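We call the chains A, B, C, D and E, going by the order they appear; numbering starts again at 1 in every chain.
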Amino acid sequence: MKNHENSIILENVSCARGNRTVINNVSLKITSGKNFIIKGQNGSGKSTFLRMLAGFQKNVNGKILFNGESIFTNQQEYQNNIFYLSENNPIKNTFSCYENLFFWAEIEGMENNIQEALKFQKLENLKNLPAKFLSMGQKRRLNLSRLAITQKKIWLLDEPVNGLDEESILRLCELIKKHLANKGIVVIATHVDLNLETDTFYL
Amino acid sequence: MKNHENSIILENVSCARGNRTVINNVSLKITSGKNFIIKGQNGSGKSTFLRMLAGFQKNVNGKILFNGESIFTNQQEYQNNIFYLSENNPIKNTFSCYENLFFWAEIEGMENNIQEALKFQKLENLKNLPAKFLSMGQKRRLNLSRLAITQKKIWLLDEPVNGLDEESILRLCELIKKHLANKGIVVIATHVDLNLETDTFYL
Amino acid sequence: MFKIFLSIVKRDLKLSYKQGNTSLNIVIYFFLSVSLFPLGVGPETELLSKIGPGIVWVSALFSSVLSLDKIFQADFEDGSLEIFNLTAIPLEFLVLAKALAYWLTSGLLLVILCPIFGLILSMSSKSILYLTITMLLGTPTLILVGSIGASLTVGLKRGSMLISLLILPLYIPILIFGVSAIDASINDVSAKPQLLLLGSLLCFSLVLSPIASAAGLRINME
Amino acid sequence: MFKIFLSIVKRDLKLSYKQGNTSLNIVIYFFLSVSLFPLGVGPETELLSKIGPGIVWVSALFSSVLSLDKIFQADFEDGSLEIFNLTAIPLEFLVLAKALAYWLTSGLLLVILCPIFGLILSMSSKSILYLTITMLLGTPTLILVGSIGASLTVGLKRGSMLISLLILPLYIPILIFGVSAIDASINDVSAKPQLLLLGSLLCFSLVLSPIASAAGLRINME
Amino acid sequence: MLENRLDIRNYMKKLHKLANPGKFYRLSEKILPWSNLLAISLCALGLYLGLFIAPPDYQQGESVRIIYVHVPAATLASFVYAIMAVASAISFIWKNPLGNFIAKSAAPIGAVFTIIAIITGALWGKPTWGTWWIWDARLTSVLILFFLYLGYIAIWQVFEDQNKAAKAAAIIAIVGAINLPIIRFSVDWWNTLHQGASIIRLDGPSIHQDILIPLIFMWLGFLSYLISLLIIRIQSEITLQKIRAIQILISEQK
C-alpha cells in the first residue's frame, strides 16, 4: 500500500464554525508525493481545513474523497491513516521526553523507533528531563518527533515550524521529503515559507 | 520621563535554570530608541534572558542596571516599567476579546483606549466572541493588542509574531517603531526576521 | 486492542503517580475527612457507630470524586484526545481505561482501607463487612457515572451548569443504597436487595457510561 | 489601588459565573452531603438536631474547599500572574481579591443556605442562628487558610493533592470552634468565647494568609 | 540539593561561614558528648526512680507509670514543632539556610515524639478510660500535629528545587504553629477525658512529689536526647549539602 498513489479530492466543500461559514465552496485535489501548503490570514480557516481533512469537523457540506471514497462512509478506517499535528502539543508536563514519546509510540505499536525519533529532533540529551522544563521550541520538537515514528500515510501539520530554529526546520523538511518520496500525503498550514516544492492554496 | 534616554546595561550576567547555567557571562547594553533582538537556537536561553530582564529569574549573578541603578534594589518600582509578553497568552477562554482586554486595561488604568487597541490588531469584528473561538493567530493578536494600551517604557516581547500573518506583523512593527521614536526600549526574542533596524545579539 | 487499553491504563497510573495524586495522599485525605466528622459531631461512640456508614460513604464520595471532573480535561486541552480518535481503538475503550486507572488509584484504596475506618468509628464487624462490600460495588459506579458528567463538561460550553445539575444527583441512589445496605445489616434485615441493586447499577454503568462518556467527548470535540 | 482590587474581584466573579458550574457544584455537594446523614441516622429528630451542626459544618468545609486548590492555577498557567507582578499592586492584594471573590461564590452561598439545611436537620431556631453566624465567620477563614496551600502547590503538577495534607489539619480549629459555639448555645452556655475566637481567627488569617500566599506564589513563580 | 553553579558559590560561602570554621560546628562538637551523657544518665535515673521507687497510683495502679514516657514525649512533640516554626521564621526572614537545616532535621524527630505520645496515650487510655481512642480535642489536635509533621516532611520531597522547598516548608511550619496553642489549651477550652494541666500551672504542680521528681528527670533526659539527635542530624544535613554542591561542581567541570 505504501508506495501506491493516494489522493484526496474535495468537491464544493464548505465548512462552518459557529454560525460563520469559514470554508466556502472549495474544490481541489491533493496528491501524494507532492507537498500541499495552505496559506491565508489569521482566522481564514487553515486550521479548520486541516481538522476537516482529519474528520474532526461536523458541519461539512460537499464531498471529500480519499482514493475515491468519501471519508465519512468509513470514517474510523480513514482516520487510521491520519497523522494530525495540532497547534497544541499533546505533552504531559510531568513526563520526561522519553516517556511522552513512548506513550504515543505504544499507541501506534512502534515502541522500537523511539531512540531514532529523539535523535531526529536532537532531543537525546533532554531525554530524561520532565517536559515542563523544555523551552517552547523544544516542546514543539518533541511533538514533531512523533513524525519519525509514525507509519501513517496522511500527514496534516498545523503550523509545524512555529517557534522552531532554522536547523530544526531543515531537519523537518528532510523528513517530509522522505515521506513524500514514499508516496505519502502531506498537508501543511503555515505562515512561514518552507524550502519545499509545493502546491500552495490560498484560503 | 517618556522622552528621556533610557538604557539597560548588563555586566557579566549569568543565569541558571535547573542545574544548567543557561546565560553565561553576558555583558551588553540596550539603549532606548533602538530595537534589540535576541536570536539563538531552541533552548539557548532567549526566553530566560527576557524573564531575567523582567525580574522574574532568581538565580542571577552579575549586574543588571536600568538607568544606572541595579534592577534588584528597587525591584517593584523597576517592574512597573515593564511590559512583558510571554510565550503564552494570558487569555481567559470564556471572556470575549473585549472583556479580556478590558481587564488588563483596568489593571493599568487605561480603560479608554480599548477600542483603539482592538482596531490596532483588526479585532473589532471579533470583539464579542468568546476567546476560545479565536484562531491561534487571533489569540496572539489579542494578546498583542495590549501593546496599544500600555504606557510602560520597557517592552519585552517573547516570540511576538508566532503564528501571525504578514499583515499583522507589519502592524506590530509600526507600533514598535512608534514606541522607539518615543525613546522606549524594546527587546524581542524571535526566530523570524523582522523588518526593523536592530541591534542583534546571538545567544 | 487490549495492549493499547493496558498502555492507557499504565500511562494514567504513572501520570497520577507523578502528579502526586498518590495512594498515600488519597489515604490521608480520606483519613482526615473521616476524622473530621467525629470532631464535629462529638465523641459518643454509640452515635458515631450509628452514623458511621454515612460518614465513610460521604468521605469516600468526596475523596474519590475530588478530581474526577477533570479526568478528561488535560487530554482534551492538549489534544491527546484527538490523537486517540485517530487510533484503532474506539473512544469507549479509552473512557473505560481512564475510569479503571482512576478507580485503581482512588476507589480501590478506599475499599481496602474502610475496615480500618470502620474500627475508628466504632462500627461492628458485621457492618464493616457490609461497608466494604458496598464500597467495592459502589465506588466504581460513582466514578463511571462521574465520568459522564466530566465528558459533558470537558469543553465547558454554555449550559455546562445544567449538565452538572443532571449528573451530580445520580450519585444519590448509589449513596442511598450503600448506606441503607449497611443499615439493614445492622438491623438484622437482609441486605441482599440493596446489594443486588448496587451490583446491577455497577453493571449498568459499566456498559452505559463508556458509551455515554464517549458520546459526550465527541460532542465537545467537534 | 482599591480600584484595581475591585476590578480583580469583579473579574473573578464574572469568570466563575461564565464557567458556570463551580458555585452550583458546591451547593449540590453540600446538599448531597447534608442530606445523606438523616438516612444513616434514621429520622429521629432529636438525634438529628444533635448532630446537625457538626454535619452542616463538615459538609460546608468539604464543599467549600472542593475546588479551592485550583484558585491560582489558571492565572499561573496562562501567565496572568506574571502580569500582576508587573503592576503597581502587591501580590498580597491579588490574593485577598481572589479569596474574596471565591468566598462570594461559595462560602456566602453556603451561609445563605444553611438555615434551610438547619431546618432539614430539625435544628432549633436558636442553633440555626448560631450556625449561620459561625459559618459567616468561619467560611472566609477556611478559604483564606486554604489559599495558602493552593499557592504553595500551584506550580507543582506533582503534589496537587498535597494541599489537603498540608491544609486540612489547619481547618480543624475552625471546625471545632464553629461546632462548639452552637453546642454551647444549645446548652444555654454563652457562646461568646467561641465566637470571639472565630472572629480573631478570621482577623489573623485576613492578615497572615495574604502574606503567606503571596510568598508561596513568589516561590513558585521563579 | 543545590541547583546551579552560581548559587553554589554563594551557598558554599554561606556554609563556610556557618559550618566549617564557623561557630555552629565547634559549638555543637562541644555540646554533643555532654548531651549524650546527660540523656543516658537522666533517663536511666528517671526510669529507675519511676519504675521501682515511686508508688503506684491509688486509683490507676501500676498503669500510671506510663506517665514517665507519655508526658515527656507529648510535651516535646509540641516543643520540637515550636523550634521548627521559630527556626523557619528566622531563616525565611533573614534568608539564612541554617534555620532551614534545623527545621528539616527536627521534623522527623518531632514526628516520632508525636507518635510515641499517641501510642503511649492510647495504651494508657485503655485501662483508665476504657478506650484506645476518642475524638476529643486534645487527642485530635495531637493527631493534627502528626499530620502537620508529615506534611512538612512531604513538602521537602515534592519540590525538585530544594531552595523552593525550603521556603515552602518554612511557610507551612510557620502557619501550622497555630496548632500549638490549641494543643496546649484544648483541655481548658473543651471538657475532655484528658487530664488537665497538672504540672505546669500558675499555682504550682498538683501532682505528688514522688511522681513529679522522676518525671522531671525523664523530661530532662528526653530533652538532652533531643539535643543530641538534633545536632547529629544538622551536622549530617550540612555535610550532605556540601557533598551535593561538590558533586554538581565536578559534573559542571567535566
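To be clear about the criterion, contacts are C-beta pairs under 8 Å (C-beta built on N, C-alpha and C of every residue); 3 or more make two chains touch, one makes a residue touch a chain.
Note that the structure is predicted; figures quoted are calculated from it, not measured.
Using the contact threshold fixed earlier, the set of chains in contact with both chain A and chain D is B, C. Relative orientation of chain C and chain D, expressed as the C-alpha superposition rotation angle, is 175° to the nearest 5.
Both chain A and chain B derive from one sequence, and where they touch, over half of the residue numbers involved are common to the two copies.
If each chain is reduced to the centroid of its CA atoms, chain B and chain E end up 49 Å from each other. For the pair chain C and chain D, the distance between mean C-alpha positions equals 24 Å. In this assembly, the C-alpha centroid of chain A lies 30 Å from the C-alpha centroid of chain B. Chain centres here are Cα averages; for chain C and chain E they lie 39 Å apart. Each of residues 18-20, 28, 32, 39, 42, 156 in chain C touches at least two other chains. Multi-chain contact residues of chain E, defined as those touching 2 or more other chains: 137, 140, 147, 150, 158, 161. Residues of chain A in contact with two or more other chains: 94. Those residues of chain C lying in contact with chain D across their complex are 18-22, 25-26, 28-29, 32-33, 36-37, 39-42, 47, 50-55, 57-58, 61-62, 66-67, 69, 153, 156, 158-161, 163-165, 168-169, 171-172, 175-176, 179-180, 183.
In the complex of the two chains, the chain E residues touching chain D come out as 92, 137, 140-141, 144-145, 147-148, 150-151, 154-155, 158-159, 161, 164, 167-168, 171-172, 174-176, 178-179, 182, 189-190.
Touching chain B in their complex are the following residues of chain D: 3-4, 7-8, 11, 14-15, 18-19, 74-75, 77-80, 82-88, 90, 221-222.
Across the complex, chain C meets chain E through its residues 20, 28, 32, 35, 38-39, 42-43, 45, 48, 120.
Of all residues in chain D, only 145, 148, 152-153, 156, 158-159, 162, 165-166, 168-170, 172-173, 176, 180, 193, 204, 208, 212, 215-216, 219-220, 222 touch chain E in the complex they form.
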